[in-house]
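Should a chain be cited, it is by its letter among A, B and C, assigned in written order, with residues numbered from 1 in that chain.
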Amino acid sequence: MAAVHVKNLKKFYGSVKAVDGIDLEIEDQEFVVLLGPSGCGKTTTLRCIAGLESPTSGEIFFDSRRVNTLEPADRNIAMVFQFFALYPHLNAIDNISFPLRAQGTPPKKIGEKIAWISGLLGLEAILKRKVQTLPGGDQQKVALARAIVRDPVVLLLDEPLSQLDEKFRDEMRTELGRLQRSLHVTTIYVTHDQREAMALADKIVLMKDGKILQAGSPREIYGDPQSVFAGYFIGSPGMNFAKCVWEGDRLLFQGGINELKLSDKLATLLSQKGKRNLLIGIRPEHISFSAMQRESVCTLKIKVATVEKFSQFKIFSFHLGEQLFMGRVREEVPEGAEGYVYFLPDRLRFFDAETERSIF
Amino acid sequence: MRASDPQAQDKIKMLKLDGITKRFGDLTAVNRLRIEVSAGEIIVLLGPTGAGKTTTLRIAAGLENPDEGKVILDGRDVTKLPPSYRDVAMIFEAHNLYPIYNVYDNIAFPLRAPGRKLPEKEIKERISKVATDLHISHLLDREMTTLSGGEIQRAALARTLVRTPRIYLMDEPLSNLDLKLREELRVEFRELHKRYGATMLYVTHDFVSAVSIGDRIGILDRGKLHQVGTPDELHQDPHTVTVAALMESPPMNLLPCQVAGGSMLVDQEAGIIFPLSQGQGAKVREKAGDGEIVLGVWPEDIRIGIPESERAFQGLIVGKEFQGANTLMNLSVGKSILKTLTDPDFPGGFGKLCRFYFPLEKVYLFHKKSGERIYF
Amino acid sequence: MLFVWPSLIVLLFLIGYPFIMLIFYSFFRFSFLRPAAGLNFIGVENYQFLLTDKYTWDRFIFTGKFVIMAVVLQFFVGVGSAYLLQEKFRGRGVILTLVLMPMMLCPIVVGLFWKYMFNTQWGIINYLLKILFNVKPIEWLANEHNSIYAAVIADTWMWAPFMTLLSLAAFTAIPRYLYEAASVDRASAWFKFRHITLPLSAPILVLALLFRLIDSIKQFDLIYTLTAGGPGDATQTISFTLYKIAFQYFYTGQGSALAMILLITIICLSTFLIMYMTRLIEKQRK
């Protein structure tokens, strides 16, 4: 168990700034997810913490120990890789016990640990099988077992579920959460899948272009995105955005083709901020649709473009200016229908059009 | 482009796979598969890895020969014909773009193939139209190695769409993309389809893609087609337990169950008991014989947070996943875990007891061994 | 399909015809030099003779010794050097080129200059041995016990680079993250080699072995210039014997029979190795 501190980490590959100044404070036993699109630097950061890459500059501490110069083997970490990385010709037991054998653990203790971990992860049935014959999900479980069995101070996972079928992914997500809670080990998890981040993390660190955009609990980031990217990236589908101009009493879209009246409270707040060129943001579940106009403010007349029907909800899309907005509702919405959408005023968010940072 | 003539759409079966069976050694990859794709329709084959989806697609394309059965394309029996003689376009999971050509030449490639050659002027028109639709017009003269994953996928799509075959065969074209990119492309896909009116057989293991893209979905598992229908049909009336397990995310909750004491539907461990009428009890006993049955209920049919005054079952909260617009709750009930969706602000933390309920009307019964649905 | 015909015809002529004639002649006592003596059909007598003749068997056994020693040595040198050359380092390109050069030389040339190098009195090998280890001059080529070692060394020098090349190709195909996971697990270099590198490169290594095996059995040019089969017939491989029978004694019939026997031997060995390799590949495919 250890807290991890990363100070001003930078990693450049020639002129490419993979990681450009990252500060991380990870508490002991916290489950932190580094979340971001491909190429944002999350994997590089993880590898620096693991010791598989050496930082261009910056420091990494486990508790108060500076680990920059330590080999991965000496940091007492464990890592689970995207492509499983199991010893191909060994069976599951030998794979899992390998780190213990490498440390010189007595065979009796090894047996105990294997029994414990295979009970925890439900591996009893596959222990004797050669790992190459196992399906992806089981292979990843073995890799996970191998990592956990060593009692590492920090557990690192690099997109461990990305190679698995959707079904397996859902199951493993639940497993992982349950596992981490019972193991009490500091965990750093890298993914581009925001559902995994939301389900598993105590704290999400959202990254883009080598920098941290926002860090906070899933609810914080979901409910209060500080940037357009945060709103867009988190949530499925993400937050809707559209460029607009605040004319003092109403919002104009695309040079006046659509306009949105706001409630008095919102209008006052917005005018106080003094910005004109804005991006409006609203999450799909805060948009409702009705054939008739019901409200006088925060409502627009639109035509429904497409509808995706899931059993618990429907996702309908409509054009607002050049943007395609998505709404999420429980009732049926007919494709091609004309009607009115209503944006929940309390959930409307505004962003500066240039900086893309949140205004409120 | 196949313009959709509404009446014709009902009648023209563009692709018919009739009793297709394919074996690889001991393994029966595809088992007497029968499916029809109407003109202008998108059919999605949904199933886990190894279900036989790719094999089915390859048979439809002509890359594999079926051991039994026929492939009928627009009325013609093409089972014996090699791929180049069938009028299909296929997009593979690992895209098949050539790194030596730039994007434009890659997309133009199928149009320049001997035997189907088109004049350059027409090629240019088609490419610029498809490129605009897929938002890659600015990438046309770039080298393949400079593109990002999403751009490569769009280029691969463009290369398939630039032809106008009778049917498009798609093998998980979106699976290698980041989640966000996949979401974007899914919606674009649907819009594209409406505009092009193309006929497609699309294969995936991702349920969300299946439902958003497909007009009808076929559930495939271990080579057998369990059911074909619209998402609603599959949801309201799953024919087998496999269908219920593959549809939706999270899938149907399945609990072991028995009929006991003459006419009760019971899940002993969990304490879930439903009284059955005489007729119902008889039907269930008749269909199930002495075998065990499985009780299924959709997560959204479970109400939680029932007040003390009403009848409810009890479970322990063992998992809570925040999903943004809602929360996924895992309830430990007897030996099973029930999943249900709630509002994100639902109170109740780990280890707390939770009162929940679902009515008998929402219960689905399945035969444990065969997985077949028991109607009662 | 029409494209193929011209090449097919040439192939048929150049390979098919001689091959059929070979089989034909093997059942006769016949000599190219004395065609007037005529074609005497003797059935399988040629084969019988060759397979029971002690002299021929001694040649086979010697060839076997030579091949095994050479191929094993080439394997270790090749795999070992590939292991060292895996990581990128400064000057790697140059070293790699140097390492691969011996392969590109003509076997006759190689045989010749090794002959000079192995010369007992003024060859450079003995010279170096003297000044480095103070070893008395070794009779390499004139001594019937040592000449096999000279042949093996020369052959290895020339062909180990082939093993290096193929091993290197196999090693670089192995994904790095497997090694990284092992590092995190504190695996030793030997453990990584034994449990990751070897199993995953096994199919290609077996393929390389197959090539070398076949080539070594056929080895002629090198032996011809290095030792001419000598001293006496101490280094006479079976191909050399074939040469003598067919082109020194001109027993065409017998030579053809020996060629057939050699062919069948190689086919059997290859089949065995290919089956093994296929099994390895299939195990990996799963």
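Rule of thumb we're sticking to: a contact is a pair of C-beta atoms (placed from the backbone, for glycine too) under 8 Å apart; a residue touches a chain by one contact, two chains touch by 3 or more.
Because the structure is a prediction, the values reported are computed rather than measured.
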item: Between A-B and A-C, the pair with more C-beta contacts; value: A-B
item: Most distant chain from chain B by Cα centroid; value: C
item: Chain A and chain C: spacing of chain centres that average the CA atoms, whole Å; value: 57
item: Geometric centre distance via CA averages, chain B-chain A, whole Å; value: 25
item: Touching residues on chain A, where the partner in the complex is chain C; value: 50, 52, 71-73, 77-79, 81-83, 85-90, 98-99, 102-103, 132-133, 143, 146, 150
item: List of chain C residues in touch with chain A within their complex; value: 175, 177-178, 180-188, 191, 195-196, 199-200, 283-284, 286
item: Residue numbers on chain A that touch chain B, as the complex places them; value: 37-38, 135-136, 165-167, 170, 173-174, 177-178, 192-195, 198-199, 218-219, 222, 232-238, 283-285, 305-306, 308-312, 315, 317, 324, 326, 328
item: Chain A-touching residues of chain B, taken from the complex the two chains share; value: 48-50, 148-149, 178-180, 183, 186-187, 190-191, 194, 205-208, 211-212, 231-232, 235, 245-251, 298-300, 318-319, 321-325, 328, 330, 341, 344
